[in-house]
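The next part holds the structures, each set out as structure tokens.
In the two complexes that follow, chain A is the common piece, with chain B as its partner first and chain C second.
On to the complex of A and B.
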């Protein structure tokens, strides 16, 4: 503001300030990555896809898109806290999901009550997350830690199971795959519930606030008395639990668990978080965005599958989408 | 005489932990694995340099600059496809074209990273997805076999414990050593990794450092993938995923901190040798590949955690010594 505006009439100054604020609000709305944009993109892509691919908007296809996005989505939503806290990503989600699927299938297959099996599995996978969180909290690189932890978990699971499929052997579980209350598949409902829960934890609880502050400025967080080490442990426990849950969902739906599952999960999840627009540096974003990212990617994949696009091309498109989003959204917010 | 001895001790001291680990593991494996002895075990370990070594020494340059490149495995897969596609031109042109592609893609990555100023971890995850897709496209979505297998013949030679690929790798190690130790850009990479603001203030160009670092990394990964694919007779577009872990593992176990600014090619040689001993030692015992992954992952975790506490203890000792000196005058 120049000197003569400050000398202007008070009412004129107030008018100027009001105009400034509106302008700022308008530019915040137009900024790439504003919250309203992702849902609009999802709808536009759906409309565009329906124009070029008849049957895209059929109820069955929409259901299929939501079902495929739900496993990736649950992990992406629970991964968001890791990204928000400034610890980038967990690269062990694939193996943790595998652990969850195999352990759950084995427990249920050996006649453990379903609820007990669920709790035991979630507790075990959460523990793997706690261990990784502790290692990251003492100051090791999260990427390397989770990569190494992933290969250890994957190796143990493959070693103990001898790479054999494990059947859940219990027909009462298949409702997870077939039940459709109000026409919505059960896994999609779980995805929605996990999204609501994670969004609530992220924005409505103390630990969620502390996670955001840690990611926004870890030095300031330490000075403000935020237990940044506890934050690290909690966020890695969250992503591990989410991955384990995704494993349980898959094992229940398919009726078995196999070490061949989840081969592309880790990078699908990262793509979903990035496309959702959560800041890589941490500190801004939300699990809800990651859920949107997962749905958008699943939508585009469905479009390509319906048009017989090869798997290489699909990967290329996914990579290009991620890079485009990074270039559009994540550069301006650098500090 | 005494001066020389001391100088030798000083030269070896930074690598003492790695040397002890290497000798211990090698001894352990040769004592417990009947087949892991003599020239064949040395050959197996040195062969590890052809792929893992090449990729790790390339990765060293961005790591020294304080960056990480997670796209190396996909780059190797893509270069393998390119090399097999153009293998009709002959072995050397095929390798050269694939390596050149890697250099160019790497240079572009470095340039874009420098322009955007974002985390290389995140950006290279994006490029990894893209390159992986390209690798499948180049190979027609499957393992693409060589049309003329005689192209790979020269690579199948073996002299004692050396092979053409490991000799190429050793030559590249020499080149990277020269680049880092004897050239201006090498010193700029160290300066940039050691302190970005200070380096920029001293006139180091971020763009130049990033372009060179990622070009070297991409070129090395591409050469490794191209040689491996031609040698095995087909491209593996979905292959090399294990390198995502073991290439950074070799660098870390070699004693290099990912913060950047510190480390030499010798660290990488030792790190690659240690990982290679574990992999080939377990391979000679005929264990499954997931056990190898488990062992490498476990070794890496134990090593970095232990190293962290050793460094911290050393830091506290040196701080205590300084405090004592200050207090006693």
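On to the complex of A and C.
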């Protein structure tokens, strides 16, 4: 029924094919969500903001934007694997980050060496992710599983800490929280490193490719020998580790951990992933995009802060931005 | 049989899909109160005619008359309005609703608000007509057997007061006793004066239920013949003579060492253990009707279906059948029948599709090698005549035939030694079809062992070196190609299951 190009007359099809390719390339560039668009939008928003708000591009403000985007960004970047694999999102990032912050602050506060505290904390949060991944691999809905896991983790943390602040109380933390090699805050460097690592895992490794295949078509992935259950465990371990790291970053910067932290983290992270352009259905997107999404959201928030926009209004704008991007990118992709 | 206008009269109907002629100047007639069997091989045009009559497909030319009056069947609701109804297969009922609720589904006259009791009373009447009087209409459909669901489907059609019923292979999934029940209901409906078109692949059912038989061949219709004037051989002869519109590649010499050995395999879909041997350089064909189990060994060897007993070895090494990935590790490639559903990663590039089963071969310590992946993809693309310059394009931008080539071609890269293919050319146009046969034969010549499971007997007969037939989950015959004639193969497939089948 459909024309089979490879069976067509070779001489006749050469010119046609070249034209086809050019047309395809052009439409790929203009398609909403093409890779070049997000950086361009970030730069345009920065220039526009600088015009209406003097001081927007001051070094301090840029640093502030990057610092606020790093915590969300680290989680968004590690969340991308979950979304790419077709398991939508983890809804337990808030509580996992809190667990990471509390555990790390407590360990450091009770004189554990910082490096050891870091490794222990990451191992514990990763374990919570593995458990959630196993449950999802068995066949439970990822949204419900992570929602429930978040409740359990949050309840445990609140119960054990009695909702009291835990102070890190140690000067040796300063390098993590406040060091600024070359004027770049440590948390921003961590954000950059995590982005590079996750992007490499996603595009350059077998497990990353298996994640993508699972998200693109999980039935076909099973038939192609992709261990889809292992993929589920790995992606949920990744997002939990990223969330825990975000908790450590926050506790280090502030010098304490409190159950009041991370109140809007999960929504911010999902917003960053979606604004970055990773497909909700999975199979398309990248951690790098989510990093861009986190920076763009942080940039717009900064603009509103500098112009004394109320917090309610800021939430409204962020919500509207997510809706607009979904309308633009994601609805086009639904088959 | 009552005299008067024909219930259905089709004259000179043609339907083309692109280069494919599905119906070519077809005539068809159906008298009131008669059961007309519609027979023909795959692709002969039976289902297209069913679609025309049910209003799903508009013919390019020709006329359809219902009860003597010419009609235009522009939509399925128009067709329903004229009293035509298609009895869907059993799985079109909604399991989580009761029988009574299922009966009113999709009915234009259904009330917006209904009471359970009123629905149940109506339902009871219709259930009685299909021999299900003993069933409580408030039973959930999920609790019924397959045959009962099929009968509920019929009741659903009756509740719309259809005068012309189309049955499209209604017994594919049923046991003998259940078939007898369905056939009994079909007969009694005809005695009520309804007209019935009965599409099937099973000859015993034709003789049990049909008054006359219309045979389709290559999109053309033969004149109807009374069943009493026919026997099995006559029907098979009428059905054959299909044009050789597809050129099959020549068979080559088969080397003698067995590559794939399947011993006493029993898995989902097989009622009796099956043993098979496939040599390197050989194509084994497995064929049978829908639900016959011809595809079952293939899925089990691939590691997709749970296996009860039996062993599989490739080149003497035993293969674990627990997972698809362990099969791939042993060099067993498997291509499922529904490639749109589970053979293609739409949205990903052709290269990523081609390399998907062989990530272990193009990586080192878990890190992908872009050059190795590209080389593997180019290799597979060249072998299956896929445009190498388009490896970076989304596979979904390819035509259907080319997508099939990607789905099949990816298994020829990497370390495949055995290739299992279900329905290799379902939904493929003639050009791509010949090419796929040609490529399969080439792979064989490179030393692969190929197993093709297909319900298309012409394809199996034309392509394969050895052919096994299945019926009711049992391997009923396994012979070299030269020991079969096509007529014998068709008869074996259509008639086995009846007592003393040849």
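By definition in this document, the second predicted complex is superposed on the first by the 323 of 335 C-alpha atoms of A that agree within 3 Å, B and C clash if a C-alpha of one lies under 4 Å from a C-alpha of the other, contacts with A are read in each partner's own complex, and residues count from 1 in each chain.
Please note the rule applied: contacts are C-beta pairs under 8 Å (C-beta built on N, C-alpha and C of every residue); 3 or more make two chains touch, one makes a residue touch a chain.
Just so it is clear, the structure is predicted and the values come from calculations on it, not from any experiment.
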(request) May I ask you to name which of chain B and chain C touches more residues of chain A? (result) B
(request) Kindly classify A:115 by the partners it touches after superposition: chain B alone (first), chain C alone (second), both, or neither? (result) neither
(message) I'd like to know which partner A:59 touches here: chain B for first, chain C for second, both or neither.
(response) neither
(message) With both complexes superposed on chain A, which partner does A:88 reach: first (chain B), second (chain C), both or neither?
(response) first
(request) Could you look at A:260 and tell me whether it touches chain B, chain C, both or neither (first, second, both, neither)? (result) neither
(request) Considering only the touch criterion stated at the top, classify A:212 as touching first (chain B), second (chain C), both, or neither. (result) second
(message) After the superposition on A, what does A:159 contact: first (chain B), second (chain C), both or neither?
(response) first
(request) Tell me which partner A:311 touches in the superposition: chain B (first), chain C (second), both or neither. (result) first
(message) Contact-wise, after the overlay, does A:182 reach chain B, chain C, both or neither (first, second, both, neither)?
(response) neither
(message) Per the definitions at the top, what is the overlap between the chain A residues touching chain B and those touching chain C?
(response) none
(message) Could you list, by residue number, the parts of chain A that touch chain C in their complex?
(response) 1-7, 17, 21, 24, 204-210, 212-213, 216-217, 219-227, 279, 283-284, 333, 335
(request) Could you pull out which chain A residues touch chain B in their complex? (result) 88-89, 135, 138-141, 143-145, 147-152, 154-156, 158-159, 163, 267, 270-271, 274, 280-281, 310-320, 322-323, 326-327, 330-331, 334
(message) For the complex, give me every residue of chain B touching chain A.
(response) 68, 70, 112, 116-119, 121-123, 125-137, 139, 141, 237, 244-245, 248-249, 252, 258, 288, 290-291, 293-298, 300-301, 304-305, 308
(message) So in the complex, the part of chain C that touches chain A is made up of which residues?
(response) 17-20, 302, 304, 323-325, 327-329, 334, 336, 341-348, 352, 356-357, 359-360, 363, 366-368, 385-387, 389-390, 393, 397, 399-402, 410, 429, 431-432, 435
